[in-house]
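Each chain gets a letter, A, B, C and D, in the order it is written, and its residues are counted from 1.
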Amino acid sequence: MFFASDNWAGAHPAINDRLSRESTRFAAAYGNSELDKTVEARFNEIFERDVSVFFVSTGTAANSLSLASMARTGGVVFAHSEAHVIEDECGAPDFFSGMRMVPVEGAGGKIDPEKLSSRIAGYPQDSLHHGRAAALTLTQATETGTVYSLDEIDALTAIARKKGLPVHMDGARFANALVALGCSPAEMTWKRGVDVLSFGGTKNGCWCAEAIVFFNQDLARDFAFIRKRSAQLFSKTRFISAQFEAYLEGDRWLDLARHANTMADRLRAGIRTQNSSRLAWETTSNEVFAVLSKAAATSAENKGAKFYGWPVPLNQPDLVGSDETLVRLVTSFATTEEDIDQFLAICKAG
Amino acid sequence: MFFASDNWAGAHPAINDRLSRESTRFAAAYGNSELDKTVEARFNEIFERDVSVFFVSTGTAANSLSLASMARTGGVVFAHSEAHVIEDECGAPDFFSGMRMVPVEGAGGKIDPEKLSSRIAGYPQDSLHHGRAAALTLTQATETGTVYSLDEIDALTAIARKKGLPVHMDGARFANALVALGCSPAEMTWKRGVDVLSFGGTKNGCWCAEAIVFFNQDLARDFAFIRKRSAQLFSKTRFISAQFEAYLEGDRWLDLARHANTMADRLRAGIRTQNSSRLAWETTSNEVFAVLSKAAATSAENKGAKFYGWPVPLNQPDLVGSDETLVRLVTSFATTEEDIDQFLAICKAG
Amino acid sequence: MFFASDNWAGAHPAINDRLSRESTRFAAAYGNSELDKTVEARFNEIFERDVSVFFVSTGTAANSLSLASMARTGGVVFAHSEAHVIEDECGAPDFFSGMRMVPVEGAGGKIDPEKLSSRIAGYPQDSLHHGRAAALTLTQATETGTVYSLDEIDALTAIARKKGLPVHMDGARFANALVALGCSPAEMTWKRGVDVLSFGGTKNGCWCAEAIVFFNQDLARDFAFIRKRSAQLFSKTRFISAQFEAYLEGDRWLDLARHANTMADRLRAGIRTQNSSRLAWETTSNEVFAVLSKAAATSAENKGAKFYGWPVPLNQPDLVGSDETLVRLVTSFATTEEDIDQFLAICKAG
Amino acid sequence: MFFASDNWAGAHPAINDRLSRESTRFAAAYGNSELDKTVEARFNEIFERDVSVFFVSTGTAANSLSLASMARTGGVVFAHSEAHVIEDECGAPDFFSGMRMVPVEGAGGKIDPEKLSSRIAGYPQDSLHHGRAAALTLTQATETGTVYSLDEIDALTAIARKKGLPVHMDGARFANALVALGCSPAEMTWKRGVDVLSFGGTKNGCWCAEAIVFFNQDLARDFAFIRKRSAQLFSKTRFISAQFEAYLEGDRWLDLARHANTMADRLRAGIRTQNSSRLAWETTSNEVFAVLSKAAATSAENKGAKFYGWPVPLNQPDLVGSDETLVRLVTSFATTEEDIDQFLAICKAG
């Protein structure tokens, strides 16, 4: 019953096998092997167009270096107020990009288009003292388990485009969002106006595989230098490539995400039928936010369930009663039906 | 015949096995698992004292963040003029530490103590305009295949200590140096006055395992933040820990390095006996620098040997004749006697 | 009728005379002249204790470098949401300090103590992912013309002290606040727990004189290097010293601020008696925020009055009627009664 | 007898008068006054073409921000090994530009073209690990009192241009060089291939007036933001403009420099005729490097002369005898014939 985060899971057997195979041979370092080229080409197929792909070590690196590729002196980046770049990366995006992160509110973890427009209006291009708008970053799936619809993405990228701002998508849970929407990678990204994507594999079955995908190749021009100067160029890059090869083989990456989402669906469905717990809000990806009785939560923890509490939203102070607690439950490719059912049984009893 | 670099090798089977085992289970992220704690404790044993250990993704990160832990505004770092931090890291050490790298000359890839003293004297602690001395970094084994003796390390750290400068050691090939000297890890580091160590595993049998080891724990105080802000905190850190567990099990890491050095010895011995090639200079680690006839080099490449040319030292222009070429040959845990013998045969014939 | 900003004024004759006198002689550069030492000592008198003083070129530099002296990796700085460091400095505080500015709300341009506590609580010292609290900065007088009482400063610095955070005060209009409160410089700063002060002279009669005053001299230890590395060490520093000497002679600096505040009082009093205009909110320093009829504003501009509009506060959308406009009117040492009376007459007619 | 530096001089009376006049009036802040526009236009005349001009507070700022305008990730800047950006700015150029300064040797304080070519060749544009060539900076007049001829500048800029590198000129003593060569400002800069100029006024009669002049206006595009973010935008910018107006009025700036150079000529001529002292090397600007007997040097100091010792060049250890000392003597607009003659008399006696 590991629901603390999808990064508590291990690595998928097929990915592990591919890594094992890779371990026995020699090949060129720093991304210059045949395998590296093959996997980069595979990204072109996945996204149905030529892209530039760069592997980095962490999701924080993927986001921070993506924004660094858009750096403008005195520039500000618009992000949802609960975005990872604002809440969870220790200032790395500011450090690497040299820009300030400006939070934009919005219900359900999604940037509100009107609020975005209004925020951007405060940072015109000649705004020497206040700073100037420089980029927009979206998180798909969001930090609160929701997923932007294609129309919602369109609405935000249209605002950015009108102001000349490049758009980054934080896809730490890209596959989970894709499966939730049932669309193609291209449809969810560059066809919607996304310029640069943090494409995460770590949370969905790799042990360490994060890619930055440039649809707007102008932004990639100096990126090899940005990555190297940021200490993110692996010598044995091909071990990242090997993971991605297995990850992207057939529809494995989608299958893994589909499994995680299905497990979350099972969890959501179970919670909906219970009296002793309820969903804090609706989600569609592999994250579930539930209000549990404190008794149930304690009981689950005593029986070995792992999960984290989640801050009660400021604007919904009544969401949680005095004998209740708000928790985040994350499923992954490795979650089993038994895990879910056992957890639900505990909650029901609790 | 892969002699291009030790980072062209794969991963050792025992390390790969340990990774495979790790892939099947769940565990806490961001370095908080039991395994992470166990492996950190193992470093205490290895170094015979309490140390603080932080894993990062690349050797460049290990060096750059080590120096960042010593950062002083207006500070300069003294390094050998051929050091990796000067020659091969795209300015990352400057970027992360905010300090300037000041090259110090010295024969055989080793900093000359007198030149170090003289250089440091140019940057006194009140030197507001010129900058002030802030750190010393040594590379062991050096970039040119040599190894500092314990006395040589002592001589340099004594100079630094007298000036109040902390000392970093770039140990990308730490194990190779250790085996070459036949001393203990403690003897080669903190007993010699080293404060912080880049402890490399990647070149010696891991696929990605670099650690920063703090003997001077004052310097480690803020380091968790430095690492996270630098985008170097892996979520699935335990996969690094797993590699290090297998790497450090028994004397495996030393055995692997010993093998690499022995292969280099075999290569050195073979070259010494040939007329058509010769050693450019003496080395004792797993790097061999040889002057080959251009015919032999071409022949070797045609038969699949991989290696890189090396710039002729400015102060030894006559080292290489007009029909000759200077090459670097690096052995690794995965190099075989057959590789060596085949290469030697080609050179002999060439 | 120059009410656009106090930085539209020139320099006071006594300060100009002192500069003229300074121009005719030779003296040591980079702050090493006798005059520099004398003026630094004068700051000790002003603040009734030993302080460390550093001159810089702009208010943005004073604030940014003050915060740089408090820099902690992954640290965040708490500032009022309308503070200059957030609204008007193009990200310079982030750039020089490497920290993120976190806005805290509060009525009347003043940080609300409860909101500050709540904000700080979100950034505990071990908060690796979210970032850690590192500093508090207050603006006195505030950007909206109000002045913190001594008790109000106490309340905020007590919160900071309890959390171990150093406190910076942005005193771009320090003298205006001091005169408004009628207390001593010591009482408004270090006796209240302020560690570092941006002491502004430019807006109050100098042409360019900004000082950073360290009450907490631990924070000053590396500051000479921070200033030089930030390109803020004037070669002819003594021309800043000369300005400060004349500025601080007798009570000149307080007299100049008192004049500016008195002119603002006259403006406030006049506006209060009019039907066609009103104060947007009460202020006590040399800034007045008024709601004028658009006709009066236009008429004033046509007659040569200079002033800027001010954004209507989000939480007071009804402050301004459809035929009205919100403006900021700033007085200075150089404002005359005639300017005020002429402006008031226009408004009355308008 | 103030020969320590030209920045020990005060301000020229005409410049001081202009400042005084400026002090009595109001005008728009942040470079938006009429005067600011007028003076900017004057630079167009001086340089016989449209230029973009930005004022900053110090020579270090001028150089550092100029290089920041040329910033490329992983880029390196080539400078003479004795250049101010390398020797005297506490790492500010590295800090603001994010680039590494790479020293290039050359006799007489001038970059040797062959050595420059060779250095640049080590940093090709695809040199991911070593770094890539990004800019060239020249100092005119040099730090050792010499002046590049127009042909010498041509030779260096041609090398840079062939490699696509922009060229910066550090003109802290621009006027002294110009007068020494007897050419026009245009001939010494953009007609020679210079893209950006640090145009210094402080050392030649202003108290604080440094300008960055962009001939290549592409590099100026983001510069307003670079300056503001670097805390270098004065609110009362017009006081810089006022200094420059008086400085550039008629040929005043050239007259002042001519005077300084003439005083240096007088000093050089006097030293040449003496037995007890000699010129260390020939110079043509307002800096004189002399070998004095220690007795003469002490005698001069005792009689109030101010000057600094200068390090004996490493490659000329025999330049200075055991009872001799090498000193730098700098003249300025304020140096008098009497100062020179008195000093020469002391040396002769010494």
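Just so we're on the same page, contacts are C-beta pairs under 8 Å (C-beta built on N, C-alpha and C of every residue); 3 or more make two chains touch, one makes a residue touch a chain.
Since the structure is predicted, the reported quantities are computational estimates derived from the model, not experimental observations.
Compared on C-beta pairs in contact, B-D and C-D come out with C-D as the pair having more.
Among the other chains, A has the CA centre that is most remote from the centre of chain D.
With centres defined as mean CA coordinates, chain C is found 51 Å away from chain B. Centre-to-centre spacing of chain B and chain D amounts to 42 Å, using the average Cα coordinate of each chain.
The geometric centre of chain C is 35 Å away from that of chain D, both derived from CA atoms.
Shared contact sites, meaning residues of chain A that touch two or more other chains, fall at 74, 89-91, 95, 128-129, 225, 228-229, 233. Partner chain C is touched in their complex by these residues of chain A: 74-76, 87-91, 94-95, 98-101, 128-131.
Across the complex, chain B meets chain C through its residues 30, 72-74, 128-129, 132, 222, 224-226, 228-229, 233. Residues of chain D touching chain C in their complex: 2, 4-5, 7-13, 15-16, 19-20, 22-29, 56-61, 64-65, 89-92, 95-96, 202-203, 207-208, 225, 228-236, 239, 306, 334.
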